[in-house]
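Here come two complexes built around subunit A, the first alongside subunit B, the second alongside subunit C.
What follows is the complex of A and B.
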């Protein structure tokens, strides 16, 4: 039961990550590979505050984790987008790699061994279900918040800015501040997901935030349907639940790990062949 | 008044405009002609601050146009219709107009519908599904929603059928005469454009080689060889 709850919590957390990444890359058209590092900024900020500043309530720590991710994202986007949109991709890669090295080498973050002994805020037999309810509610809030943003007047402006930037600015609209706002909102959500992750798992390893995590989140977005509100939810469920489901077959570990990898790859290829615009996307 | 003063500009170190100076008075209708690559589009982009590599000054009504700050420059009453890619294809006609007027609460979509009834007919249609001429009229309507005192149009007749070109040009004349909006139009279609402007500027290899009344250019067809 605990195992299933953990998978469900992971699905909820990755739903937040995929949904926020979809806002940035799918709706905003901003190319970035640094989403996992904003997840890490939120997670480490929350974890470190929980360990070293015990008087701050858990919700306050998660909010501060989100705030740290927002500040870092504004610094990155503000400088990278000033030159050209394409620079954001290169700058985000450098930011991701550089910050990951810092996490691996700084003593107070736990170095390569990671940050452990993050205090649990909820104890007892209902810990898992309560966390699941919190993470599920946060995931739903993110999905509906993004849906509200993109379906409202601001969302139409985002779509206009993404498709025809010169025409958009010619109307007196500030494309730069809009891009930074979208980037900050998406990265802030990722930071919040990081805070929830830190409290649930009570341990953070820098390796889980590497650039490959970006590929996994992007796959969830593309598979579910980029630029759709519920696509990332479907992508997160499929890519996390199906490979985990085969663990119930009780295969030997030497077969299990490669089989999960193969299933992940086959799923991606199959769905992209059958539904190039994603499961919930329109016809390509 | 729009003033270009000793403006030179280019891309990646390659000069496109060389020491351009001219001015456009309020209420004027001016055409800018020139062969492909003469620098007409760059000239327009300098007028809204969309060219980073620029020396000299461009000013509108006393305020300097700041390179790299298109949105700030256009808020000073400059309506800019870029060449192609000037409507938001996924949005409906009405949404395109609404989004254009967000900074101008006094702008009414209905006023644009009165000026261009075809846009009312297509109000709910996605802009990307309109014909080329209808998209051009929509782009014009969008620029008007920003309540401009000057309209800069970069080749609005490109790819349009002659009858549509006539409609677009007639709309520009109406806007210029009825609202006093200054019109600066970059065009390749010389006869249609000369019919609606009072003055013409010819640019060749980045320099102004003719600046005078449109009637003079119309008479002297030998000058047409310049572009």
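What follows is the complex of A and C.
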């Protein structure tokens, strides 16, 4: 039971990550790999505050974690996009690797061993279900917030910007501030997911925010359908549920580990060839 | 009367190529100015300088007497400089109506804050914009295309949509880059009529066009440009009578 709740909480948290990443790259057309590092900024900010500043309520800590992710994302996008859109991809990778090194080497973040002993906040037998309810509600809120953003007049502006940025700007629209806003909203959501993660698991390790995490979130978005509202949800469920299902086959670990890798690689390749717009995307 | 647009000593060079060489140009309200010149003369570059796509190396630009050459592209659009593009640059994944709805100077969907907290006001602004867009499409006889994707329209209608989108900006200056290239038949007539109506409504219009008969029908004044320089600025009759055009188009 606990085990299933944990999987469900993870699905909710990765739904937030995949949905917000989809807003940034699928709708906004902003190429970045650094989504997990904003997840990390939220998680570490919330975790450190929970450990060291006991008088801030948990919700306050999560909000501060989001705020830290937003500030970092505005700094990154604001400087990188001034150079060029392609530059953001490289800058985001550098930002992610640099910050990971920092997390691994700083004393107060717990170094390579990670940050542990984050207080539980919710205790008792209902801890799991309560966390699941909170994370599930947050995930739903993100999915519908992104849907509201991309469906209305704001979404129309986003697709116009993606289609023809020059014409869009010459109609009086500030493409730069719109890109930074989209980036900040997406990264802020990732930061919030980080805060929830820190409270639920009570332990953070720098390695879980590396480029493998970037690849996992990207795969969720691509499999589910980039630029669709519910695709990332499907992607998150599939990518987290399939490995668990494989576990039930009770294969020996020596076969198990490579099997998962092979299945993901085959899935991604299959989708790229057969259904490049993802499960929920229209036929390409 | 004060001109809507005035440039003074405008200069721009790309490496060795001077695309704008001491350009002094002015356009009055209600006037349709023709801008003619051979390929590579610097006509589009001049539009880019005026609208803010390019920064001049020297010189100044005034809109209704106010100096604007340090304002970025998007701010100049909000000041009321509306332009079309030689290669249209339509939003190709979007419908005709949505293409128009991005065009107003004051776009209600601009801010996420408004999306979150001002939904009532947003709906009102959207409805007003929609009426305006349908009105412009109506003037062109294109209401029935509103929900088609722009890429599904014939070329001439796409050119009209490029103009329609620009007309959502109700500012004082309209810059049209080769509106007639590739346009014939009904779309040609419509284009001519709408451009004339815009000038009659008091806008200053500048049209880059290789089609001399279009210029003759529409403009009273014409400017001839080559190698970034204005070589002649006068009535269309003077320009047609001079040797310049004959040399250009008939190679004499």
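What we mean here is this: the second predicted complex is superposed on the first by the 282 of 284 C-alpha atoms of A that agree within 3 Å, B and C clash if a C-alpha of one lies under 4 Å from a C-alpha of the other, contacts with A are read in each partner's own complex, and residues count from 1 in each chain.
Convention: a residue touches a chain if its C-beta (ideal position, glycine included) is under 8 Å from a C-beta of that chain, and two chains touch if they have at least 3 such contacts.
This structure is a prediction, so every number in the text was calculated from the model and none was measured.
Asker: Would subunit B and subunit C fit next to each other on subunit A once aligned, or clash?
Answerer: Once both complexes are aligned on subunit A, subunit B and subunit C clash.
Asker: Contacts for A:113 in the overlay, against subunit B (first) and subunit C (second): which applies, first, second, both or neither?
Answerer: Neither: A:113 stays clear of subunit B and subunit C.
Asker: In the superposed model, which partner reaches more residues of subunit A, subunit B or subunit C?
Answerer: C
Asker: Tell me which partner A:181 touches in the superposition: subunit B (first), subunit C (second), both or neither.
Answerer: A:181 sits against subunit C, while subunit B stays out of touch.
Asker: After the superposition on A, what does A:152 contact: first (subunit B), second (subunit C), both or neither?
Answerer: After superposing on A, A:152 lies in contact with subunit C but is clear of subunit B.
Asker: Please work out whether A:261 is in contact with subunit B alone, subunit C alone, both, or neither, and reply first, second, both or neither.
Answerer: Neither partner.
Asker: Touching subunit B and also subunit C: which subunit A residues?
Answerer: After superposing on chain A, subunit A residues 153, 156-157, 159-160, 163-164, 166-175 contact both subunit B and subunit C.
Asker: Spell out the part of subunit A that touches subunit B in their complex, as residue ranges.
Answerer: Per the touch definition, subunit A meets subunit B at residues 153, 156-157, 159-160, 163-164, 166-175.
Asker: Residues of subunit C touching subunit A in their complex?
Answerer: Contact set of subunit C toward subunit A: 51-53, 73-75, 77-78, 83, 85, 89-94, 98-99, 101-105, 107-112, 115, 122, 126, 165-166, 168-169.
Asker: Which bits of subunit B are touching subunit A when the two form their complex?
Answerer: Contact set of subunit B toward subunit A: 48, 50, 70-71, 74-75, 79-82, 85-91, 95-96, 98-100, 102-103, 139, 142-143, 145-146.
Asker: Over in the complex, which subunit A residues touch subunit C? Could you list them?
Answerer: Of all residues in subunit A, those touching subunit C are 148-149, 152-157, 159-160, 162-164, 166-175, 178, 181, 185.
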